[in-house]
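In what comes next, chain A is part of two complexes: it sits with chain B in the first one and with chain C in the second one.
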Partner chain A sequence: MIRRLFDIIANNAVPAVFIIISAFAIPLSGYSASYLIQELLTRIGRNSFLILSLLIPIMAGMGLNFGMVLGAMAGQIGLLFICDWGIVGIPGIVLACLIGTPIAIILGIFCGHVLNRAKGREMVTSYILGFFINGVYQMVVLYLMGWIIPITNPALLLSRGYGVRNAVSLLGIRGILDNLIPTVITGTQGAGQFFNAQGGNPFILLQIPLIDGSIRIPLATLIVIALFCVFIIWFRKTKLGQDMRAIGQNQAVSDSAGIPVNRTRIIAIVISTVLACYGQIIYLQNMGTLNTYNSHDQAGMFSIAALLIGGASVSRASIANVFLGVILFHLMFIVAPVAGKNLIGDAQIGEYFRVFVSYGIIAIALVLHAWKRNREREAARRSLRGNKGGE
Partner chain B sequence: MLLRLDHVGKEFYGNRVLSDISFDIDAGEIIGLVGENGAGKSTLLNILFGMPVIASTGGYEGTVQVDGKTVHFTSPNQALAAGIGMVHQEFSLIPGFTATENILLNREVLRGSSMSYVFSDRVSTLDREAMNSRAITAINTLGVNISPDMIVSEMPVGYKQFIEIAREIDRKNTRLLFLDEPTAVLTESEAEILITALKKLARSGIAIVFISHRLSEVKELCSRILVLRDGRLITDQKAEDLTTRQIASFMVGRESEKREVQQPIEIPDNPIDTISASEMLNPSPKKKRKKIRPALKVEHLWVDMPGETVRDVSFDVMKGEIFGIGGLAGHGKLGIPNGIMGLYPSGGRVKLFGKRLILNKPRAALGRKMAFVSEDRRGVGLLLDEPLDWNITFTAMQTQGRFLFGIPFIFQMRNERAMSKEAQKFIDQLSIKCTGPHQLASELSGGNQQKVCLAKAFVLKPDILLICEPTRGIDIGAKTLVLDTLREYNRENGTTIIITSSELEELRSVCNRVAIVDEGKIAGILPASSPAEDFGMLMMGQTKNNNDNNIDIENVNVNVNGEGEISA
Partner chain C sequence: MIGRFIQNAGWPRIIIALFLLGLFIAAPFVGVRVDTSLSNTLVRFGMNGVMVLAMIPMVQAGCGLNFGLPLGIIAGLLGATLSIEWNTEILAKLVELGTVYKISWLNEVFVTNWRAALGFASAIIIAVPIAAVLGWFYGKLLNRVKGDEMMIATYVGFSSVSFMCIAWLLLPYKHPTMVWGYAGRGLRTTISVEGYWLHVLSDALALDIHTENIHLYIPTGMLIFFAVMAFLVWVFMRTKTGTAMTAVGSNPDFARASGVNVDRMRTIAVVMSTILGAVGIIVYEQSFGFIQLYMGPFYMALPAVASILLGGASVNKAGILNVVVGTFLFQGILTMTPSVINSYLQTDMSEVIRLIVSNGMILYALTRKVRAGR
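Entry: the complex of A and B
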C-alpha cells in the first residue's frame, strides 16, 4: 500500500512541484488573469505541435527524440526559401512545409538508421546527431546559400555576398496561421475598442462577462493542433501504432513475432522528424523572426523539458502530458521573471530559473527512468524466484 | 504421418552434437523428449525450426518430412507456415499488452480502410472486438479461464504460459506444437491444469512434443518417450513400458558402471581415502567424528543470479570435505557459490565455522578466508591484459595486503620480486605452460588459464575453496590435471572444497558427497558412490518434494553428525 502511494507520488512528482511553484509565483507576479490566459494561449499555439512530435518515438521505445532538431532545421530551410522568393501568407507556409518535408524525411531516415545501430542508447545518440547535423546545416546556410544555392534577396544575405544573415524577418508569414480565423474573447466593455483596432475586418467575437480586456485566440493554429491530436489517437489504433507499442516494450519478442523492428523504428523517427519540421514552421510564424543559427537549437531542449514537466517519462507520454506540460512550463516562464523581480529585485533570476529548470528536469527524468527500470528488472527477477526471501 | 525424421545428424565445426536421429510423430500424439544439457535437444529443435544458426554452420544431415514431403526450413517463418509451433522456455510476451494483444501479436484483425490501399495494411485500424473473440476461443480451447483484457505483466506466471500456448493455438494451421520446459515456472496445481489442457488439445488433433526434466509429468502426459543422450536417440518407447528409474538411467548413461572401472580413482573408496588423508577427518572411532562441525552451513539461501536463480537452498559442508554441486544448467547450481561469495544479490543465512557470514559483500567473504574460482574465467576470473604474476597475486594483494612494501594505509608499493617469485612457484607446481611470470594471461590456453585461476585462489591460503565449472572448455588432459590438483590440495592442506559442475561423472570422481540442484532447490544430497541413476532421478525432479527438501537435507546431516558417516 505504502509502496503504491510512493509510486503515485513518484510518477506525478514533477507536475505537482510545478503546480505548487506556480501557485506561489502567480500572485507574486501581479499579472491579470486575462493577460496570463492570452499569453498561455499564444504559447500553446506556438509550442504544442513541436512537443506532440515527440510522442511517437516514445511510443516506439526510442525515448525522447533529441533528434527532432533535425526536423526543425528542415523547416527553417523551407522558410528561408520562401523568404527569398517572397511568397507570403498561407501559400508561403504551405510551400515552406512542402520544401521542408523531403529534407525532413531524408534526415529522418538517416537518423533512424543511425539509431538502429545504437539500440538502447537512442537518446544520447540522437542528441549528438543533432550537433552533427547542425554542423551540416550551418555549412549549407553559412557557405552554400548565395554561392551554390541561389539566394537572390540581398536582405537575406550577409554583406560579403554569401551566407544567410543571423536574423531573418518572417514578416510575410508572421502570425498568418494564428490570425487566419481571427477570434477574440472580450468582456462586456472591451468589444467596441476591439472593433476599432481591427479596422472593420470580419472576425469571430465571443463575449464572456467575467473577462476584462480582450483575448485573441489563434484559432486556426489550435485547429491544426487538434487535428494532429486526432491523428495521434487514430495512429495508436492502427496496426503500425500497435507494432510500435510492441517494439517499445520488447524488441526481441516483437522481432520473433515477425514485426519488422528496424523498419518500424525508422518510420517512427521519420514521422517525428517531419512533424517537428511542421512544428518549427508553426513556431516561427508565430515568432515572426528566424534566428538562422539558434532557433532550432533550443527547440528540442525546451520541447522535451515541457513534455517531462507535463508528467511524461522516457517510456510513457500522452497527449494530456503535452498540454499540461506546455501550460506549466510556460506559466513558469511568464511569471518567474516578474515574480523574481518583485521578490528579489532582479529579473535575471527568471531567465536563470528557466534554463536551470529545463536542464534540471531532463536530468531528473533520465535518472528516474534508469532507477525505475532497475527496480522493474529486480521485481521481475524476484517474481521468478517465487517471491521467496523478501526484499 | 505428420513429421518424420530420417537419420538426422549435425556437426558443429567437426564437433558432433547429433547423430542418426530417426523418429516420427502422428497427429494427436503427445511425445516426451528428455535429455541432459548438451544431449542435443536444442540442436534438434533448431533444425526443425530452420534457425539460421544451422544453415550458417553447414546445414544438417538426413531428411525431415512433413506430411510425407521432404522439407528443408531455412527460416522459422517457413516452419510456422508448415504448421509447427513452438513455445519457448523464456516467455516471449509483451508485458504491457493484454492477453488478447499478445495472443494475436502481429496477427491482429484489421478493419479495411481506404488508406491501406495508398500505404500498406499497417495503417488500418485494429478490430478489437474480433480480436477479443478470437482470443477467447483460443483460451477456451485450453480449458482455462483468463480474461482477455488482463495485462500480462499483472498475471501470475502460470497464466503467461497459457497465453503463450494460446498464441500458438490461434495460428490456424498449427498441427505440431513443441513445448520447451513449459512447467518449469509453474506451481504443481498450475502444471496439472496445463497437462489437462494439453491432453484436451491433443484430442483435437494437434501433436505435441513435450520437453521437460520433470519425469513424473512426462510419464503422466506422454504416450511415447524419446530419450536423447550425447546426440543419440537412446530409446523410443511407449510411456507405459518405462519406469522413471529406467528413463533416468537412459539419460545419465547405463554403462556408467563400466566407466567407473575405467576411472583411475575407485569411487566407493574415494571419500574415505580422502578423508583419512586429511588431517581433520580421521577414519577413527565414531566418538571423535561426532565433534566435527560443519565448515560451511547454508540455510535458506536465495540468490538473484540471472539465469541461475537459487530459490531456497540449505546444506552443510564438513571441514576437509570435497562437496559437489550438480544439476542441469539454469537450475541455480552456479548461483549458490556466486551468491555465497556476494557476486549477486542474495539472502538467507550462511555460517562459516559457526560464525555468520555477511552476504552481498565479496570483500567480507574473501576476508573470511574463502576463495572463489569463477565459471566466467575470462570475465571475472582473470585480468586478461595483465601478466601472470599480477593475476596470481592480485586478490591476495587487495584483500590480505601481501606482496606489498611500505607503510600500510599511507604509502605502499607492489613488491614485484615477491610477486614473480610466488607466481613462479605456482607455475612450477601446477606446471602452467607459459614463457614465465610476465606473460599476459590472455595468451595462455584455456586449461592453463584455469590453472592460473586456481593458483590465484591457492595464494589466498583459503579455508574454503569454491570452484565453478573447473573443467569447462578445457581439453581432457588438462581436465585430469586440474581435478588431480584439487584432490591433492585437499589432501595436503585439509581445505574444504566446493565444486560446482555440470559434469556429473566429474563430480562423482572427485567429491565425497554431491548435492543435486533442481529448480533452485536442493533435490537431494548423495554420497558420490551412489549409482548414477540416483543422481539422474534427482535431476529429473524425482523424489523432489518441495516441502520435504529441508527434511532430506537434515536427514543427511543427522547421519553426518550422529552416525559419523559422511557416506550415508
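Entry: the complex of A and C
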C-alpha cells in the first residue's frame, strides 16, 4: 500500500510541482494570456519533434538518449550545405533532411555499437559520446569545411577562408514550415491590427472574441508533429516495436526468445538519431539562425529536461509526457526571468533558476529511477529467499 | 614482452603518449622552446594534480568516475571567497592572539611575512568542513543509486553549480574587491586573488632560471604540495579503512561477507573525494590567479576524469601512478598542441583536440568490459 502510494507520488510529483510553480509564476510575470499562448504554440512547434525523438530508445530500455545531439549535428550539417547552395523554402528543408539522414544513420550506427559495448551505463556513455562527436563535428565544420569540403559562399566562411562562421543566417528557410499554412486566431479588435502588420492574408482565419490580439498557429509544423505521433503509435504495434519493448523489459529473456538484441538496440538508436536530425532542422527553421557551435549543445539537455518534467521516467515515457513537458518547461522558460525580476528585482536570478531547474529535474528523475530500480531488485532478491524476514 | 606492455597500457594511451613525444620533438623545429613548454606543463600539472587525485577514492570504492567533482569545487570556491571576505578579520584575530599570549614572533613571522600563506590556509580550513558536509550528503545519495552513480554524479554536479549561480548573487558578501561595483552585492564572475594568496604555493621554493639559453620555471612548492597530498592518499589507501574501501570497489558482495560496511566505506570515499576536489580547486586558483565563479566549475570534472583514465585507470581501479602519468600526459597535450600545432598549421586546433582526446578517453574506458554485474 505504502509502496503504491510512493509510486504514484514518484510518478506524478514532477509535473505537479511544475504546475504549482507555474501557477505562482504566471501572475507574477504579468504576461497576458494571448501572449503566453502564442509563445507556447511557437515553442511546441519548435521543440516537440526533438523531444519525441527520445521516446524510442526509452522504449528499448536504453534510457534517455543523450546521444540525440549527434542527430542534431547531422541536421546542422544538412542546413549548412543548403545555405551554401542557396536553396530556399520547402525544397531547402527537404534537401537538408536528405543530406542529414545518411549522416545521422552513420552516427546512429556508431552510437548503437558503442552503447552495446557499455550496457548498463548507456546514459553516461551516450552523454560523453555527445561531447566526443561534438569534437569531431567542430573539426569538420571549423577546419575541413571550405578546405576539403567545398563551401563557396563567402558569407558562410570565416574571413581566413575556411571554417564556418559562428552564426549562420537561415533566412532562406526561416519559418517556412511554420507559415506554410498561415493560420491566425484573432479576437474581433485584433484582426485589423494584424493585417496591417503582416500585409498578406492568412489562409485560415478564426475569430474567437475572447482573445485580445492575434495568435499565429504554426499549423504545418503541428501537422508534421501529429503525423509523427501517429507513426510512434503505429511503430509500437509493429514487430520491431514489440521487440524493442521486450528488450526494454528484459534483455536476457528477449535474447532467448530469439530477438536479435544488439541489432534491435542499434535500430532504436538510429531511428532516434535520424528523428533528432529532422527535429533540429524544424527547430532551426523556426529560430532562423544557426549557432554553428552551440545550437546542438542545448538541444539534448533541454529536450530531456522537458520530457522528464512532463512526468516521464528513464524507463517509461509517453506522447502525453512530451506535450505536457513542453508546455510546462517552456512556460517556466518564458515566465521565470520576468517573475524573478518582479520578485527579487534581478532578471539574472530567474535565468539561473531556470537553468538550475533544468539540471535539477534531470538529477531528481535519474535518482528516483535508480532508487526505484534498486528497491525492486532488493524486493526480487527477498522474494527469492522466501521473504522470511518480512518486508 | 612488447605486446604485453601494449595490452597493459592500452592503445589509446600509447598513441597519446607517442603523440605527446612527437610534439616535444617537433617543438624546436617550429620555433617553440622545449624548456618553456616543459615548465608550462609542470605548472599545469601542479594546478590540476590534486583535482585528479580526487578521483581515486571514489573509483576505488566502486562509485565510478567522480563526474560530481564540481560539488567539491564549490566547497573550495566558498572557502576561497570566504577567506578573502574575512581576510582582515582572520589576520587581526591572529595578531590579537599573539598579544594575548605574548607570542610576539607570531605577529612578526606569521602575520607580517606569511600573510599569503595564512590566507591560503584559511581558505582550505574553511573549505574542508563544507566539502565534508556536502560530500556526506552526496555519498548518502550515491549509496541509494548504486549502478547509476556516474550519470547522477554528473547531474548532481551540474545542478549544484547552477544552484550556486543563484547563491553567488544572493549571498551577503561585502568585500569591495569581490562584489559588483555598481550594485554593491552579488559576487563577480572572476575574482582576482592577487594581494591575498596569488602563487603562494607556486612561488614557494620555485626554481626560476631565466638566462639567455634556458627559460625554466619549476613551481617546486606546488609540486611538493601535490606530492604530500598524493602521499597522504597513498598512505590512506593502505590503512585498514583504505583496504576495506578497495575491497568494496573490487567486490561489494565479498566485502559485505567479510564484515565490511559497504555503504559506510562508500560514503567515506565520496567525502574524501569531495574534500580533495575542494583543496584541488584552491591550489588551482592560487596558481591561476583568479577564482572563477558561476558557470566556471561546470565542465571541470571532465578534464580530471580524462586525465586519470589517460594515466591507465579504469572505471573501477585507479592509483597514484595513474594520476601522475595521466595528468602529465593530458596537461602536456593541452600545453603543447596550441603552441606546436598552431605554429605549424597557423590555426588553433587545441580546443578541438582537447575535446576529442578527453572524451575519447572517457568513452574508451566506459566501453571496456568490466566484471559482469554489480
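In the analysis below, the second predicted complex is superposed on the first by the 382 of 391 C-alpha atoms of A that agree within 3 Å, B and C clash if a C-alpha of one lies under 4 Å from a C-alpha of the other, contacts with A are read in each partner's own complex, and residues count from 1 in each chain.
Here is the rule we go by: contacts are C-beta pairs under 8 Å (C-beta built on N, C-alpha and C of every residue); 3 or more make two chains touch, one makes a residue touch a chain.
Fair warning: this is a prediction, and the values are worked out from it, not measured in the lab.
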item	value
Which of chain B and chain C A:S318 touches, first, second, both or neither	neither
Partner chain(s) touched by A:Q298 [first = chain B, second = chain C, both, neither]	neither
Touched partner set for A:K239, first chain B, second chain C, both or neither	first
Most chain A residues touched (candidates chain B, chain C)	C
Partner chain in contact with A:S256 - chain B first, chain C second, else both or neither	first
First, second, both or neither for A:N342, with chain B first and chain C second	neither
Residues of chain B touching chain A in the complex	76-77, 92-97, 101, 105-106, 108, 110, 121-126, 157, 185, 300, 302, 304, 306, 309-312, 345, 347-348, 520
In the complex with chain A, residue positions of chain C that touch it	67, 141, 144-148, 150-152, 154-156, 158-159, 162-163, 165-166, 169-170, 186, 302, 347, 349, 351-356, 359-360, 362-363, 366-367, 369
Touch list for chain A against partner chain B, complex	234, 237-240, 242-243, 245-246, 249-250, 252-254, 256-259, 378, 381-386, 388-391
Sites on chain A touched by chain C in the complex	114, 117-118, 120-121, 123-125, 127-129, 131-132, 134-136, 138-139, 142-143, 160, 346, 348-349, 352-353, 355-356, 358-360, 362-363, 366-367, 369-371, 373-374
